[in-house]
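To start, I am sharing the structure in question, which I have written as structure tokens.
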Amino acid sequence: MSIPLFLVQLLNGLQLGVLLFLVSAGLTLIFGVMGFINLAHGALYMVGAYLAFTLTGVTGSFLLSLLLVFPAMFLLGLGLDTLVFRHFYDRDHLDQVLVTFGLIVILDEAVKMIWGRAPLSVPIPAALSGSITLMDGLLYPAYRLAIIGAGLAVAVLLSILVTRTRAGMLVRAGATNARIVAALGVNIRGLFMLVFGVGAMLAGFSGVMAAPIFALEPGMGDAFLILAFVVIVTGGIGSIRGAFIASLLVGLVDTLGRSFATDLLKLTMSSSAAGRIGPALASMSIYILMAAVLFFRPAGLFPAAGRA
Amino acid sequence: MWTRRLLPALLVAVVAALPLVTSADTSAFAVTLGSRMMLFAIAALSLDLILGYAGMVSFGHAAFIGIGAYAAGILDAENVGDVMIGLPLALVVSALFAGATGYIAIRTKGAAFLMITLAFGQMAFYLANSLDEFGGSDGLTLNNRATVAGADLLSSDLTFYYVILACLVLVFIFLRALVASRFGRVLRSTKEHPLRVAALGYNVDHVRLTAYVIAGAICGLAGYLMANQTEFVSPASMTWQTSGELMFMVILGGMSTLYGPLLGAAVIVGLENFLSGYWEHWPILLGAVYLVAALFARGGIVNLIRGAKP
Amino acid sequence: MKVLSTLLGCAAAAILTTSASAAAEPVKVAFMNSLSSTSSVGAKQGRDGFALALKELGGKFGGVDTQVIWEDDEGKPDVAVTKAKTLVERDHVDAIVGFTFTNVAMAALKPIVDSKTFFLSTNPGPSPVAGKRCSPYFFSVSYQMDLESGASGKYANDAKLDTAFLIAPNYQAGKDSLGGFKRLYKGKIVEEDYTPLHQIDYSSDVARIAAAKPSALYVFMPGAPGVNFVKQLRQAGLADKVTFLSAFTIDESALPALQDSAIGLYGSADWAPNLDNPANKKFVADFEKEYGYVPSNFSAHAYDAAMLIDSAVRAVHGDMSNKDAFRAALKKADFKSVRGEFKFNTNQFPIQNYYLVKAAKRPDGKYETEAVKNVMPMQGDEYAKDCSMK
């Protein structure tokens, strides 16, 4: 294990973290503000990616398809909110779990029917197809730097939106106590619809950004869904800052765990035992992290005010 | 009144009679599918105790299925597959796992509890996946079903069907009594008014942990029987998707009704079995069922039938 | 009274007796694989191959009335057990064909062979079943996993690639595949990387490969993970710096996604669309005409399975009741395989050629693998000696 390799893995971990943040930002917003468990968030990420595939194929431009996905996902979010989810904001969390899970199953199968079962690929946009040399023989695609940039931009933007704008203030107030906010004459219905639309948009955006590096497959959102929930619960539900820190932590722990678990274990036990336990431990690492955080701080690292 | 005495007896009679009154082919099918439905019903019942009655939404419950199943598998692989050893082992290990993980999980609430139980479930899954000597991710085929004190009583599918039915009935009666008992009343109160319960002098955490351990042990029983019924065990029985399915059986059927999990298990296992033969893209229909049930059958199907409001 | 009791007696008899008599039974075959699981593309391709063959045979095996039951095991072992038992006990099928995933096939193995029903695998080729747990009722029409991977190992030896980095997901098939490679590769293994099942970003593994600088890289990564890995390897500029060898990673189920990024990468397989024999030429042409995509080995194996069954049913003249005769007919493999030369070993696993294949772009713009070298001609697996069937 060399210093350059370690630094490279550190970068990989941070980049994974930023991508996780992109995926979980929308989820924590929806869960935090509306108390709505949206299991379909991973499926929305998938829809965003598949839309990017079709739009890039049709328009020939990744940038154009990215810009088009924003309104498409926003409208999809509004549609889902109006048609289905609005009936569930007052209902038990478990009913929300049931309805959003039903939606995942429908969306996963619909994608199979429309785009087929075979994995699909979106090419990296030409403008970002360059790369930098990280260490001897290892190139780092410029596109991954773009993902990091996009994630940081979203983090900053959301932060400003939530803490510095009136809408953001209403969102935070709505997260603390929706009824009082409604009683004060604010259109809570409209607010929730907006938040859901933004959440769907963020999910779709993360799907589009991820598409050039990851294969598209029906059900691709499922793995991300679990990771996103790990992130937002570790970070504190409803907290953008919590989601950001937790994403980086999860990304780092997962990547460094995978990279070095086996090597570290080899220091204390036989090579074959380490080869067995290492991957298993690496798979569990993020769950161990989450369980440890929750044990000491059951509401997460940075619980949104009023939720501790 | 008739619901309390007559309905359960009627259900048991129908289920018991089913393999006997149908033709040989259909009977074998009824035994195979019915066994699977009943085993999931036992697992779903155990989840209802904590999810429905105590409001503890566990997303890692399938881990106990895995523990019970691997108890059966490992003992069989070591040639000591007997119910007298296996069953207590499955119950004890499940209870211990529930006790240890529950102790940590009880400190959290709501979404955090959901996720921490998921975390433990995933850890159990990855652990099972790494057991190369027991097949790892490919799993293990049992040489035979467990013997009962040395006697090869369970090898007949039909006999095992009745054994499973008996276990289901016992679990149902036990849980019904537990829920109606003082412990049960206190447990139910911790869902709505934990502060009041504490003020009355009860240790809310102890009550919940006890319920969690009982639920874990019962689910371990279901897992032990499942491994014997299919004569196979693998980590696939303890994925988070399976934990989710158990949750849906309880929610769809109707939480805190005890009949709900029975109905939910039968409906979901049945739908998956039948729908998959008709259309390549049958999961869309299943998703639609979940959607419609969530929209219109508030509180699950049982509550819809009863006309109750959540 | 008498009329009533007779009627009741008839009704009772109708309920209690089994259905059709044995005499005019059609041939009943079930095709089962994992259509509604994640990574279901192999299942679909297999089903398409089997369906195409059935269509070419006019819907009949051996010219006899045939009933085919299509089943979905959802990728879940316990569902497979339930469905297998139902097919055997209620539907009395003569054979269950198919399967995509090894763990699902292993679960269904016992109920199928214990009931003396034939089990023809169109994909999984697990080593336990090739050896100690072999069964007279189990045939692998596809391959044996060790050889499918071993061909890459042998080629790496022959090409004097002295260091190798191995990578596969952390599940049994991954371990088996790497094991198969190691068995025939004599060089130095610099690392064996088992990736967690949920992983999609391989940048950390790619970094380790760059640091290790192996001469050969062996990859077993079916489905989307493989597409991710190859793409990311390419983007990191490493695909040209190592000799890329693989199994099930750059095949026709992944090529539509990989496209140009796979060109020039190698794999090992027992079949490729460009194999030059009449049966294969017909198969590939008919398949593309029917389904519009290039067939993969999942399709080819399933197609062969159907043709094999057809030949065996023909040999026993549709009389499925004599299981020993049917087995002997199957074992003869008296059909024109798309793989060219094909026969069964004593353990009822194939003896066939294993090729080095290369991903390439066809003149018509589609992508396929092309066999470039017959690395192991007519090879049987080493587990046959552990099997009690001789």
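Order of writing sets the labels: A, B and C. Residues in every chain begin at 1.
Definition applied: a contact is a pair of C-beta atoms (placed from the backbone, for glycine too) under 8 Å apart; a residue touches a chain by one contact, two chains touch by 3 or more.
Worth saying up front: this structure is predicted, and the values here are computed from it rather than measured.
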Mutual neighbours - chains that touch chain A and chain B alike: C
Centroid-based (C-alpha) most distant chain relative to chain A: C
Mean-CA-position distance for chain B and chain A (Å): 32
Averaged-CA centre spacing for the pair chain C and chain B, given as whole angstrom: 34
Multi-chain contact sites of chain C, meaning residues that touch two or more partners: 36, 170, 196-197
Residues of chain A engaged with two or more neighbouring chains: 109, 112, 226, 279-280, 283
Interface hub residues of chain B, defined as touching at least two other chains: 126, 129-130, 132, 283
Residues of chain A defined as touching chain C within the complex: 2, 4-5, 8-9, 12-13, 15-16, 19, 109, 112, 116-121, 124, 131, 134-141, 143-144, 213-220, 222-223, 226-227, 255, 258-259, 275, 278-280, 282-283
Parts of chain B lying in touch with chain A, wherever the complex brings them together: 51, 57, 104, 107-112, 114-116, 118-120, 122-123, 126-127, 129-130, 132, 240, 244, 247-248, 251-252, 255, 281, 283-284, 286-291, 293-295, 298, 310
Of chain C, residues touching chain B in the complex: 15-19, 35-36, 69-72, 74, 76-79, 81-83, 85-86, 89-92, 102-103, 106-107, 109-111, 126, 170-173, 175, 196-197
Chain C residues touching chain A - in the complex, by the definition given at the top: 36, 38-41, 44, 170, 192, 194-201, 203-208, 210-211, 213, 223-225, 227-228, 231-232, 235-238, 241, 253-254, 256-259, 293
Complex contacts: residues of chain B adjacent to chain C: 21-26, 28-29, 32-33, 36, 126, 129-130, 132, 135-139, 141, 226, 230-232, 234, 236-237, 272-273, 276-277, 280, 282-283
